[in-house]
Amino acid sequence: MLNYIADQWCDEQSSLVSVLCPGVMNSESVYEVVRTYNGLPFAFRKHFERLKQSAALMGLEVPFTCKELNSIIMEGLEKNKGFQTQDFRIRISLMSDGARSRPAIIFSDLPSPSKDIYELGVKISISPFLKPSADIVNPQLKMPGSSWIVRTRKALGDNYDMLILNEKGNVCEGSFSNVFLVKDGSVVTPDIRSGVLPGITRDNVIGLCESLEISVEKRPVPAWELFCAEEIFITHTSVGIVPVRRLEDKVLIEDFTDGMTRLLLDNFEGYIMTEDSNWSGLDEVEPSNYRADI
Amino acid sequence: MLNYIADQWCDEQSSLVSVLCPGVMNSESVYEVVRTYNGLPFAFRKHFERLKQSAALMGLEVPFTCKELNSIIMEGLEKNKGFQTQDFRIRISLMSDGARSRPAIIFSDLPSPSKDIYELGVKISISPFLKPSADIVNPQLKMPGSSWIVRTRKALGDNYDMLILNEKGNVCEGSFSNVFLVKDGSVVTPDIRSGVLPGITRDNVIGLCESLEISVEKRPVPAWELFCAEEIFITHTSVGIVPVRRLEDKVLIEDFTDGMTRLLLDNFEGYIMTEDSNWSGLDEVEPSNYRADI
Amino acid sequence: MLNYIADQWCDEQSSLVSVLCPGVMNSESVYEVVRTYNGLPFAFRKHFERLKQSAALMGLEVPFTCKELNSIIMEGLEKNKGFQTQDFRIRISLMSDGARSRPAIIFSDLPSPSKDIYELGVKISISPFLKPSADIVNPQLKMPGSSWIVRTRKALGDNYDMLILNEKGNVCEGSFSNVFLVKDGSVVTPDIRSGVLPGITRDNVIGLCESLEISVEKRPVPAWELFCAEEIFITHTSVGIVPVRRLEDKVLIEDFTDGMTRLLLDNFEGYIMTEDSNWSGLDEVEPSNYRADI
Amino acid sequence: MLNYIADQWCDEQSSLVSVLCPGVMNSESVYEVVRTYNGLPFAFRKHFERLKQSAALMGLEVPFTCKELNSIIMEGLEKNKGFQTQDFRIRISLMSDGARSRPAIIFSDLPSPSKDIYELGVKISISPFLKPSADIVNPQLKMPGSSWIVRTRKALGDNYDMLILNEKGNVCEGSFSNVFLVKDGSVVTPDIRSGVLPGITRDNVIGLCESLEISVEKRPVPAWELFCAEEIFITHTSVGIVPVRRLEDKVLIEDFTDGMTRLLLDNFEGYIMTEDSNWSGLDEVEPSNYRADI
């Protein structure tokens, strides 16, 4: 596919950057990953706001408005439309070249996930690598070089994802997902103060629960509580909601034909496709009204 | 200058790498910075061992022996010998390309530091950014993307360096230096368990003190203890020992014509140039006998 | 003097309790220390509310209303009025006897402090003993057996008090006092989330500052910041505001004839004697309107 | 029964102490609990050494030698021999009276535990109260007033004991027990650096495992690992080894007719009765050779 590097469209072979720039040498770089649904970037305004937040923490300028960035991406989707099987995954990086921050926008194919995932559930485990607390490393700074993520991904083995704990032994998130528990009929997920990156799919699941009048608790979740949950599911941009069958060597649930996870799975796509905040806001200068307190 | 990228010599313009590789996208990358004295790489064996340690933690192979890497660097020093004013700074990176780890060896000029630094001392402060504890992020993993370092460097202002504390409020190190206090005639420096990267200049200063029969304490150092020190100095590869005149807005010391820092400064170069472990060990398979417990 | 033990007045020799009761064996016991001004218990309602808070955390009932406890104390003040030189110090304990919580109310003399304290200031240091964070041990639970307090008091040496830090290296409080810094014309004191017991004199000093339109910051205070303060003072019930001349071996201030501490000292007694919340509220069932967010 | 208070034998009614003494007011007090087997104090030397350790941390002198204290206790056992059903529980306290530390030695009956405990196992849960880390509160200081213990005991409900975690979410111990896991054929127990009081029964179980050539791991144990254990048992002085059937609402094991816990139960009494270090050492001035590194 064609990527947008610095200020021009390049094929994969020529998507190059100088090893001398601080964006590479020091990882002075921030990023977001966006997906499309039916050819349109999903929750674009929210991703743009998170990119601005990361860039501010790293001292990088954002060299375009939300609308300008959206235009570049729409142009890329058009250029690459022959390459995808269904949807696109778009990684938007800003990298310092010393003087300025330069974009690197990378397009790739996002095939549909296997149906088995939704029907059989996946295995997850607990990562041996811990995430620094929110006091130490701001969880809103999404940059390459978070060793706990890199090292967890390399240790996945037969796990779909591994859950990363914070220094108190409370759950943060997976290496590429957020996590939810079902307990006593409520949906529980680690709160932002636990050191969680406020995932956009997580935000949509919370909104979906509220629309279904299911109570949601955002609070510290000791890792051991996972083993007392009735159900667990994880969420990430490219696949949405993923049921969990096994946690470590314990079978948590055998049958996903009903229960909370099934209910949310059945309603998820309908919710996100019609929730206005996922599709609007390109023109606004100020953040749109998505949940900040998540 | 010419740099060694993947497996060929490139001028600065062509020192490029793919933005698609994990070494850039995820910062799956480790590095060391070596300097020369009189044209010879300093403490090369020690740097090579640290590089191997980082690479092991990150799951990267090291695609050369100590001797092979040394040969590449000697070749680079020869190729670039017209460009330097006095000595070289050589950054050795290993970056994952997905399948393998590829070297990026970058040469730059290392001019002599201003004499003023040694005679007047510098100003340092305490960084607002904290370093995760050794339990959370292994301090021996030297990779790009340590946000506490990147953000501290961007906040330096009129400080020569800023000291980064750990989550207990104890001193770790500067953003590019190690720190020492003089207290009651002893030299004190944070221990490895405080989360310190075991600096090679730090190691040499400890060896120098021992050779002068000055007692050295390696232990946790609460940041407030800095303000009760008789003298403070910092150390880093490119400049060696740097006396500190001011800490935050406090003048710590006016006159560096005698005292511990002066004594160590006067003996430093003699020590490192004759200390065998800084110059030997290229052939050895096993780590040479430098201090592991530092 | 006569003390009120369980439900009767006893002289000191007969102020006894069973070693077998949980109040002694397990320290199932909470307490407050109240003083009088001009024969009247100071801030009685506030102390009573704190006692109720501690008792609730410890699972002890409070066997009297605020008014009933006040009556017992007024009776004790009358019984003991021949023994005091100026004011009284009254320690109110509740101790479990297994079945119920029993009061032990101990009266002692509170002589005027030496004028030197206010004019010359005192020496303080930093305690080697740390206080558990508010997440671990609720700082509102005032019970005997806080080892960090007991051990700090035994280590005072020539210090008036020693400041106890929390596990992050931030200042909590002294072993019997709260601490304030003056910095850039503002008054700064550790916030409740730092693990501070919300002292009643602390609360009054905050109120006094507000009445004088001096800005007050309640926030985490790294211990090293003490050394960068313009002035420091500590506060405790029996002496009020105490200026600090020396911190560790550093002379912080030589002359207390003007400055913020002097201004607050000059206005303190006037403020507390006329601040209504210090003298009212005995009849109320609900907490009176003293500052909860401190 | 008769107790030994200060320096005389008192019946329960007259086992009194002054509420004014620091031992009561500030909980300047340390203690040990010893039991007898067949009328003899068990592991007396080890308890005495722990008492000395606690007393040193609290700044209290120990007003008798091991042999002198043993004589007092033997005298008490003789005086009380008509009162017990089988064995004795003896609590030895030292309490500061301001000038000196005074003993309070309390005798009580120790009936045999119900056989059901060993055959059916017990229920345990995880306490909501955390223990400060070993850096903050020395776990070797055994004093009344550890709020995490007092509050946990009051919250037991239908649990036999509750496990207290440290600030990292790792297991320390129960409110009156130590804990062991069986995993992959090894016995695992939290290490001392986790903040564990080195229990004497714990020490004997470790010795028993070694005598049976069962491998023992002493290491940090994240609470979630309990849920992945094959078996769990807890240990305490008065009952020895107690099998755990339920952890929170999970049935861990149904049948204790074989397995590791059964093996250890079957061999425990034989081991402790013949292990020399449990019965010797009264004359020694130096610590006997029991395990310090546990």
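Lettered A, B, C and D in written order, each chain numbered from 1.
By definition in this document, contacts are C-beta pairs under 8 Å (C-beta built on N, C-alpha and C of every residue); 3 or more make two chains touch, one makes a residue touch a chain.
All of these numbers come straight from a predicted model, not from anything done at the bench.
Determine the centre-to-centre distance between chain A and chain D, using the mean Cα coordinates as centres, and give it in whole Å.
Chain A and chain D have C-alpha centres separated by 48 Å.
Taking each chain's centre as the mean of its CA atoms, how far is chain A from chain B in angstrom?
Measuring from centre to centre gives 35 Å for this pair.
Name the residues of chain C that each touch 2 or more other chains.
135, 167-168
How would one label the connectivity among the chains shown: line, ring, star, complete, or other?
Per interface graph, the chains form a ring.
If I apply the definition of touch given earlier, which pairs of chains qualify?
Chain pairs that touch: A-B, A-D, B-C, C-D.
Using the touch rule from the top, collect the residues of chain C that touch chain B in their complex.
Interface residues on the chain C side: 126, 165, 167-170, 222-224, 226-228, 248-250.
Touching chain C in the complex: which residues of chain D?
Contact set of chain D toward chain C: 3, 5, 12, 15-20, 24-29, 57-59, 91, 93, 95, 104, 106, 130-133, 135-138, 141, 143-151, 153-154, 167.
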